[in-house]
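Each of the next two complexes has subunit A plus one other chain: subunit B in the first, subunit C in the second.
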Partner chain A sequence: MADQGRDPCPIVIINDFGGAFAMGIVGGTIWHGIKGFRNSPLGERRAGAFSAIRMRAPVVGGNFGTWGGVFSTMDCTVKAIRRKEDPFNSIIAGFMTGGALAFRGGWRYARNGAISCGLLLAVIEGVGIAVGRYFAAAQAPPMQAPMAA
Partner chain B sequence: MSWLFGKKKEEQPKVEEVREVTFDLDPNANSAASFLNADLDTTKLHPMAGLDAGMEYFTLEGNETIYYDGLLPSRGWNDDLCYGTGVLYLSGLGVGGFSGLMEGLRTVQEGAPAKIKINHVLNTITKRGPFLGNSMGVLGFFYNIINSKILYDIRGKHDSFNSIAAGAIAGAIFRAPRGTKPMLIASGITAAGAGVWCVFKQAVFGPPAEKTPLE
Partner chain C sequence: MSNNSNILKVFNPPESRDLTPNECTHCQILQTVVLTGGGAYFASNMPFRVQPGQRLPPAATQAWQGGVRGLGFAMLAFGIYNAWYFFSPKAPHA
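Up next is the complex of A and B:
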């Protein structure tokens, strides 16, 4: 079943860039807020947390945004080439994303990044399918009546 | 490799499905009743008959109001946030990357090996691009959350005032740690930017509209 909650392909890349960036900002704010708070001396904890957020949260957001956007671009590319919608799209896209983002470290890093990203996406897709099966088995939806003539 | 690239399309002889209901006059019939009581399934006469075998149903969950304003239709503050932040982040990344490219090409060492030259240019690009992209992205994040969620929830409508106020607040938050004067300057700049965007949007895309797709 195709996902109707998302926009069609070329335009969804912008959505994914922005969505991943926003997620990274929120996550980075929480993460570096706690980290800056804990790493500051007593009396400067609030200021420390604040400056850590200001320094680091946009970087986390940028990293997330780049990853999400490149992944979405690759996903659309793979979909356009294969003309199919199945879990292998995301796995291939994850493989290519991991490779592309680690490319400046050299071939070794690109290969390792590609493989680990592909595995990560395979795990995510596998878990998604398992959860979907579990819920589908738990409550089978009622059959829809055939179209009346 | 069919699992990777998909199966090759096999040429299959297309079998035309014949679905006909004949109304041959039965010579043995001696009245209209035998014709009318014929074993006739009326559902087969419908042009869409037989299509429901192996058909996927299209489930529409909810029926959100779609708001048309600017470049893209929006299903709510969620969409506004994603697209607005994405556009600003990408444009910041692009402009910053381009200025980094220019700077790298200008300051590149003459007579250095090609590998070092390429590396230098890539370094300046990755120094400038993400910096501007992240700043623009954060600005867009604040602006869109304030514009589409906070101010919309307070005032209950989308308009230019929302947008300009959101721009002013976003700029103020963005530069607040630098002191009062930079804060006010940044606030003014972003409010002016939001105002320009509002005027441009109205001029190019027309007035905003709300639509509900299924009534």
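Up next is the complex of A and C:
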């Protein structure tokens, strides 16, 4: 049955880009805030933390957003080529994203980026499927005992 | 992010199913745009252009640049074929 509740691909890509950017900003703020606080001298710690956040958090957000946007674009492209919706779409999209973001550094970087990103996505997908099956089995109704003759 | 997210779908995968032709019209349009746009970008050798005074990484050899360019031409050809097929009367959604 067609899933009419889903937005079309371009909207999903913008959605994913924005969501990943926001996650990167939040994570970068926490990470670089703590780092800037720890690396600043006493009396300058708050200013050091704010300075580090101002300098580095948008960069982390941009990197996350780029990854999210490229991944989502690849996912929609793979879906259109395979005309299927299954976990392999995400794994192939992750492989292509890792390669596409690292190809400028040469074939070794592209290969390593593609393989590591594809493996990461495969592990996440595998864990997701395993957890889904476990909960489905736990919530299944108990089998009835056979009728006595 | 809402439920309409390809990233969240990774953590909560939907059931496997085949997509109907009408269901994926927008992804086919996007696929054509990605293939033609990305193919033109790769084929133009723009990714390996550097500012004066900057250097490419040593691993980005001429052979690798040629390979990327070849991939770009292949993507461009596939994208043009896709665009032609999408508007042809043989397309499944037509």
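Keep in mind that, in the parts below, the second predicted complex is superposed on the first by the 133 of 149 C-alpha atoms of A that agree within 3 Å, B and C clash if a C-alpha of one lies under 4 Å from a C-alpha of the other, contacts with A are read in each partner's own complex, and residues count from 1 in each chain.
FYI, a residue touches a chain if its C-beta (ideal position, glycine included) is under 8 Å from a C-beta of that chain, and two chains touch if they have at least 3 such contacts.
Bear in mind that the values here come from a model prediction, so they are computed numbers and not experimental data.
**Q** Once chain A of both complexes is superposed, is A:Arg38 in touch with subunit B (first), subunit C (second), both, or neither?
**A** Touch partners of A:Arg38: none, neither subunit B nor subunit C.
**Q** Determine, for the superposed model, which of the two partners subunit B and subunit C contacts more residues of subunit A.
**A** C
**Q** Who does A:Ile11 touch here: subunit B (first), subunit C (second), both, or neither?
**A** both
**Q** Kindly classify A:Ala80 by the partners it touches after superposition: subunit B alone (first), subunit C alone (second), both, or neither?
**A** In the superposed model, A:Ala80 contacts subunit C only, not subunit B.
**Q** Go through the superposed model and pick first if A:Arg46 touches only subunit B, second if only subunit C, both, or neither.
**A** neither
**Q** Looking at the overlay, what does A:Arg133 touch: subunit B (first), subunit C (second), both, or neither?
**A** neither
**Q** Output check: A:Arg104 vs subunit B and subunit C. Expected answer is one of first, second, both, neither. What do you get?
**A** In the superposed model, A:Arg104 contacts both subunit B and subunit C.
**Q** For A:Gly19, decide between first (touching subunit B), second (touching subunit C), both and neither.
**A** Touch status of A:Gly19: both partners.
**Q** List the residues of subunit A that touch subunit B in one complex and subunit C in the other.
**A** Shared contact residues on subunit A: 5, 11, 13, 15-16, 18-19, 83-84, 104.
**Q** Write out the stretch or stretches of subunit C touching subunit A in their complex.
**A** So the residues of subunit C touching subunit A come out as 1-7, 9-14, 16-24, 26-31, 34-35, 47-48, 56-61, 64, 67-68.
**Q** Where on subunit A does subunit B make contact in their complex?
**A** For subunit A paired with subunit B, touching residues are 1, 4-5, 11, 13-19, 21-22, 25, 50, 54, 57-59, 61-62, 65-66, 69, 82-84, 88, 92, 104, 144, 146-147, 149.
**Q** Quick check: in the complex, which residue numbers of subunit B touch subunit A?
**A** 3-6, 42-43, 45-46, 48-49, 51-52, 56-61, 72, 79, 81-87, 89-90, 122, 130, 133-135, 137-138, 140-141, 177
**Q** In their shared complex, at which residues does subunit A touch subunit C?
**A** Checking each residue of subunit A against subunit C gives 2-3, 5-13, 15-16, 18-20, 68, 71-73, 75-77, 79-81, 83-87, 90, 93, 103-109, 121, 124-125, 128-129, 132.
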